[in-house]
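In order of appearance the chains are A, B, C, D, E, F, G and H, and numbering begins at 1 in each one.
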C-alpha cells in the first residue's frame, strides 16, 4: 500500500506497523519520534499501531543546532 | 443637581448644557474636548446637550508633552 | 651653463637671473618660492641674483594638501 | 656626630658604620639599599664604610606599588 | 540642497525634527525653542482641565501659532489599549475645528510601567489596530525590536518610531545595528516608509548620528527642554538634523585602521 | 548666537572648521566644497613646480579667493625637523607678498612613517622650537598623548592639534577621554588656548561629537574630498561644526539608565 | 569560589555556559569542543530522518554522553506558534525514554524571517502559553525589548533569553543598557529568575562582558563552531564565562576620567 | 594548550598577567590575591625606610615567596629622568643579593604630573637611554602614541607598555585601534617583541579584550586591590587573561550585521 513518509510517497507492506516501517529503514526506535497524520505515536505503540493506506508519517530525529 | 466633573462631585443648575458648564468654569469650548458618561460630545452639541444628575463629565485640554 | 633645477640637470644661458629662469618655464614669480643652493632667494631679488654653473635651484609652489 | 638620615638630622656615635646605623634602627641589611651623599653603598661595604659628620644618608626599602 | 520633504500620513513636514512641548520652565521659553528648532511639527499631550487655579488661564495653544505648526497629539501616560484609544479620540476631538492641523493623526504611546516608560508591545499593537480602523494615521512609539517594528508597519502604522534609548535618558541611539536592520526590513521595496527615532537622544551628535544611519527624522523633547540653555540646544538640534541628513546621503568615506595621505607625495623637495 | 570668534596667532577665523585642499577630482569641485564648508581657512602643501606638463598651467591659488580665505601652509610629507623647517620657510616665502594672508603661521606636520602617517613626537618638538624662534605661529599636528600636548604648548605652539584618529581613517575621535584631559590640562588658567582636532573624522556626527567635547575647532580634508558627494558633505560639516559648538556649550542633559516622563502625570484621565 | 549552581526548571547546570551542536565540521570535533567548553548542557534541533544516505548511519547522540550532558531540544527553524508547538512535542517525545535528560524543557525559537533569524514576538508568546499549559519548562529566545521580556516571564517562561545581537553575527551584547534594565525588572523580588544571553557573542571578552552585566548564563554555538580553532575557542569561552561571573560579583572599581596612584606618595626620596 | 611562555629580558613568566603590590588593606590580602592571580611576577616600589613606627616591623617581602615570584621594581612617583635613574639603581641594589629574582630589570615610570599620572615622553626616553647603557632590561610604561612606542623600542626597551587608559581609571583599553597599530609596527619582523598593556583596566572583560587584540600581557594593580572582593577579582583576572589569550589566537568569527542559522534548514518538518 502507499503512504507518505517524510513527504515522499512510498510502497510498504499491507498492515505494516510503525516499528516495521522503521526497521525497513534501519532506524532505531529509541532515536526517533513519529507523527501519524499529525498525531504523535508514542514509542510504546510502535509495534501495535498499524499503518493504513495514504497515512502521512513523519519520522524525526535530533540533529546539530544552536 | 450633582454631577461628577473630572472626578469631583459638584452642584450645577438643573438642565444646564455642557456649554453652560464650560462657561461656569470660564473654559473656551474651542480649547476643550468633553466626554459625557464615557461618550465624546461633539463641540457642535455643547449647547444642545443637557446634563442629567450624576452625569460623569470629563473636560480635557492639550498640555505640554513629549 | 648647466644647473640643477628641481633635481634635474639643464642648460640655461650664462648669467641668467632667477627671474629669467622662471620666465623660461613660464612660471609667475608671485606663485613660487626659490631656493638657491639651500638658501631662499627673496622674490625681490629674482632679477638681480644671477645663477652660476652647477647651482642647485629649487622652485616650489603651493598645491592641494590636508 | 650629626648626620642627615632620610632627610632628618640625627646624632650617631663617632665613626659608626652603615651597618651599625642600620642596627640602631633594627633594619635588616638585606632588606635595604643605602645612598651616602648621593652614591650607592654596596651591601658588602656596610660594615667597612664609616660615616662622617654631616653625611647625607638615604635608606630605602621595597614597598607596595603598581 | 533639494531634499524631498518628509510626508507622514496626510501631513508634510518642513523639517525632519519633531519636538515636544513638555518640561519647559515657561511657555515663552517653549515658544523660543520651537522657533530655534526650525521644526514645524510639535507633539502635545491630553490632560484634564484644571478647574481650580484660574490664576493661570494660560493655554499652551496660545504659544503655538496654528499657521506655523502642525500639532501631533500623543497618548503619553497611557498603559492599556483602551486608555490609548480613549485619549487618541479626545485628542482628535480637541483638534477638530480648533483651527490647528493635526486631527487626523496621533502619536501612539502605550507604556509598560511608570518607572522605565518603555513601550508595551501587545497593548501597542492592539490599540494600533483599533485606531487604524477608526481612520487615524498612527505614528507608533516602540522599541527597536525588528520584528515588532515589522508587525507594527503591517498593522497599518503611518510611521514606526523606535526609541534610540529610554525616554529622557539622553543616551542617544544605543543600538544602531538594530535601527539599520529595521530600515532594511521596513524600507525594502518601500523606501519612503517613515522611520523616526523617538526618544533617548541627549545632544546634537546623537541626532546627527541617528540621521546618518538613515532614519527619516528624530522626535525629541527632554534633550532641548532639559538643557541648561534650551534655546541654544534647539538651534544645535536644528543644525544637527540637517547635518546628519546630508552626511547620511553624501556617501561617507570608509573607516580604515589607518591612513591615506591628504597631500600628494610627488614633488616633495625632501624626497 | 554670539559665539566669540576663534583666534589663532595673528589670524581670526570666521568658522571653527578648517578644511584641506587635497584629493579633489577637480579644482572647481574644491572651490565649491570650500564655499559649502563655510570655512574661511584652508590648508595647502608646498611642492616642487612641475616643469614638464605645461598643459595644466592651472595653479590652485586661481581657485582660492584671497579676499575670502586665509591660507594655512602645512609641512605635509616631512619626516625630520630639518625637512619641516625648510618647507615651512618656503611656504612663508610663497605667501609673503603673494596677496594672500597666511605667511605668519604654519601647520607643523612631522610624520613618523609613510604607512600610518602618524606624527613623530621628537622631530615635531625639535622643529617646533626652531620655527617658534624664527617667528612662526605654529599649529602642531600631534597625537592625543596628553603630556606630549603639554610639552608642545610649553614650547610655544600657537595651537595644539591632536589627531582624532589616523589621517584619512574616517574613524572620528577614538579616544574622547584623552581629548577631555588635554582640554583640562592645556586650558587650565588659559581657556582661550586653541585645541583643534586634526585628522580622522569621517562624517558629520564625528565633527559634532568632537566639538561637543569642547575643542575649539576641527581640521579635515579627506572626509569631504573623499565623499561620494563632496559638496553635500561639506555642507554637512559646516552645520555639524556649528551644531557641536552650540550643543557643547548649551549644557546637555545627563545620561541616565532610564527614563523621565516628558509629559505630566497629573491630570491623566485614566489615572 | 562557591558560586551557587544555575537551576532552570527541573535541571541544574554545572556551568553557566550552554553550547550548541550545529555547524561543526565533524561530530568528533563537536565532542572535543563540548568537553573543552566545560558545559554540561547542549542544545539540539529536531529534523526529519534522512531516509536516503544510509552510508552515514551516524547519529549525533552517539557523540553526546547521556551521563555527562543534559540535552536542551530547541525549535530552531520554526516561524509560527503551531510549528513551534509541533516541534517542541516531537523533541519531548524523542527524549522521553531515550536515556537522556531534557524531555521536560525546550528552547523556544519562533523566528520572524529567514534572513535575519530575529525572534517574532507574537508567535513566541502564543507558543509559550501553549507549551507552558502542556507542562513544558520553556526557555525563550527573544529580543532585548524589556517589556516583551516581562510579558514572557509573566506568561510562565522558565528562563528569558534575550539575544545580545543577531544569531551568528558575532557582535556581542550590542545594548548592555537594555540587558541591565531587563535584569532590574525581571529579578526584582525574584533574584534567582534566570536570564540568559542567547546568540550574538563572537569572542571571549563578549562572554565575560555579558556575565559581568549580571546575566545568569550565556548560550552560544557559532562563536565556537565557526572559529578557526574551535577547541581553543571553547576553552576560552569556558574561562571567560567563569571570569565574567566572578568579576561581575567582585565589586569592580568605578570608572574615572583619570587616575589614582597605585604606589604610595610618602617616602619618595625625590620628594 | 601549549602556549609559548612570555620572556622579557632575562626572565620567563609563567603567566601573561603581571600584578602590583599596592593599595591592599593588608599584606595577607595581597598575598592571597597574588596566589589567586596565578601570576609569578609582581611589581614593587622603592621608598625611604620608615624609621619611626617600629610597631609595624613588617616588610612586604615577608609576604612574597622568593621561590614563587619574580620581583619587578618600578620607578613609580618619579617625574624626571634623574629621579628615575636614581630609583632604578636603588631598586637594583635592593634586589641584588636579596634572594629575589629581579635585579636585572626595571619598570620605567616617568610621570608628567601628580594629577593624571600620565607618562612624560621626553623624560621617559632620556631615562631609558641611561638605564639601557647601565645594563638594565627596561620595561617602559608609556602612552599609546604609536611613534613614541617605536622610539622607545628603538632606544632598547625590553618591553613597551602602553597604558590602556589612565592609571587606576578602570576604563579598560580606550583606543584598541592604537594598540593594533602599535602591534603591527613593533612586531613587524619581530613577533616576539613584548607589548604589555599597563594600567587602566577595570574588570575581567577589559583584560580579555586587551589580550584578544594581541598584546603579550597585561599589568594591573588597582583593578584587583580596589575591588570589593579582591581575591575574587584576582581569580577573574587570571581566567580572563587566559581566555583572552586563547580567543585572540583561535580565529574568531567575523562580525556581521546579522545572522546565519546555527541549525540546518533541510529536514524541517514544517518546511
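Things worth noting here:
In this text, contacts are C-beta pairs under 8 Å (C-beta built on N, C-alpha and C of every residue); 3 or more make two chains touch, one makes a residue touch a chain.
These numbers come from a predicted model, not from an experiment.
Any chain that touches chain C and also touches chain G is listed here: E, F. Distance between chain centres (mean CA atoms), chain B to chain F: 63 Å. For this pair, chain D with chain F, the centres built from the Cα atoms lie 56 Å apart. Between chain B and chain H, the centres computed from C-alpha atoms are 74 Å apart.
In chain B, the residues touching two or more other chains are 6, 35, 58, 60, 63-66. Contact of a single residue of chain E with at least two other chains is seen at positions 20, 22-23, 45-48, 74, 76, 86, 90, 116, 118, 166-168, 171, 177, 181, 199, 221-222, 225, 257-258, 261-264, 267, 269. Looking at which chains touch one another, you get A-G, A-H, B-E, B-F, C-E, C-F, D-G, D-H, E-F, E-G, E-H, F-G, F-H, G-H.
Listed in rising order, the residues of chain H touching chain G in the complex are 1, 20, 22-23, 45-48, 50, 74, 76-80, 82-83, 86-87, 90, 115-118, 166-171, 199, 202-205, 208-209, 212, 221-223, 225-230, 232-233, 235-237, 239-240, 242-244, 246-270. The part of chain G that touches chain E in the complex is made up of residues 112-113, 116, 118-122, 125, 143-148, 150-151, 165-166, 169, 171, 174-175, 177-178, 181, 185. By the touch criterion given at the top, residues 261-264, 267, 269 of chain H touch chain A in their complex. Here chain B touches chain E in the complex through residues 5-8, 25-28, 30-35, 40, 42-43, 58-66, going by the rule given at the top. Note for the complex: chain F touches chain C at residues 20-24, 27, 30, 43-49, 51, 54, 57, 59-61, 71, 73-74, 76, 86, 89-91, 93-94, 96-99, 167, 199, 220-222, 225.
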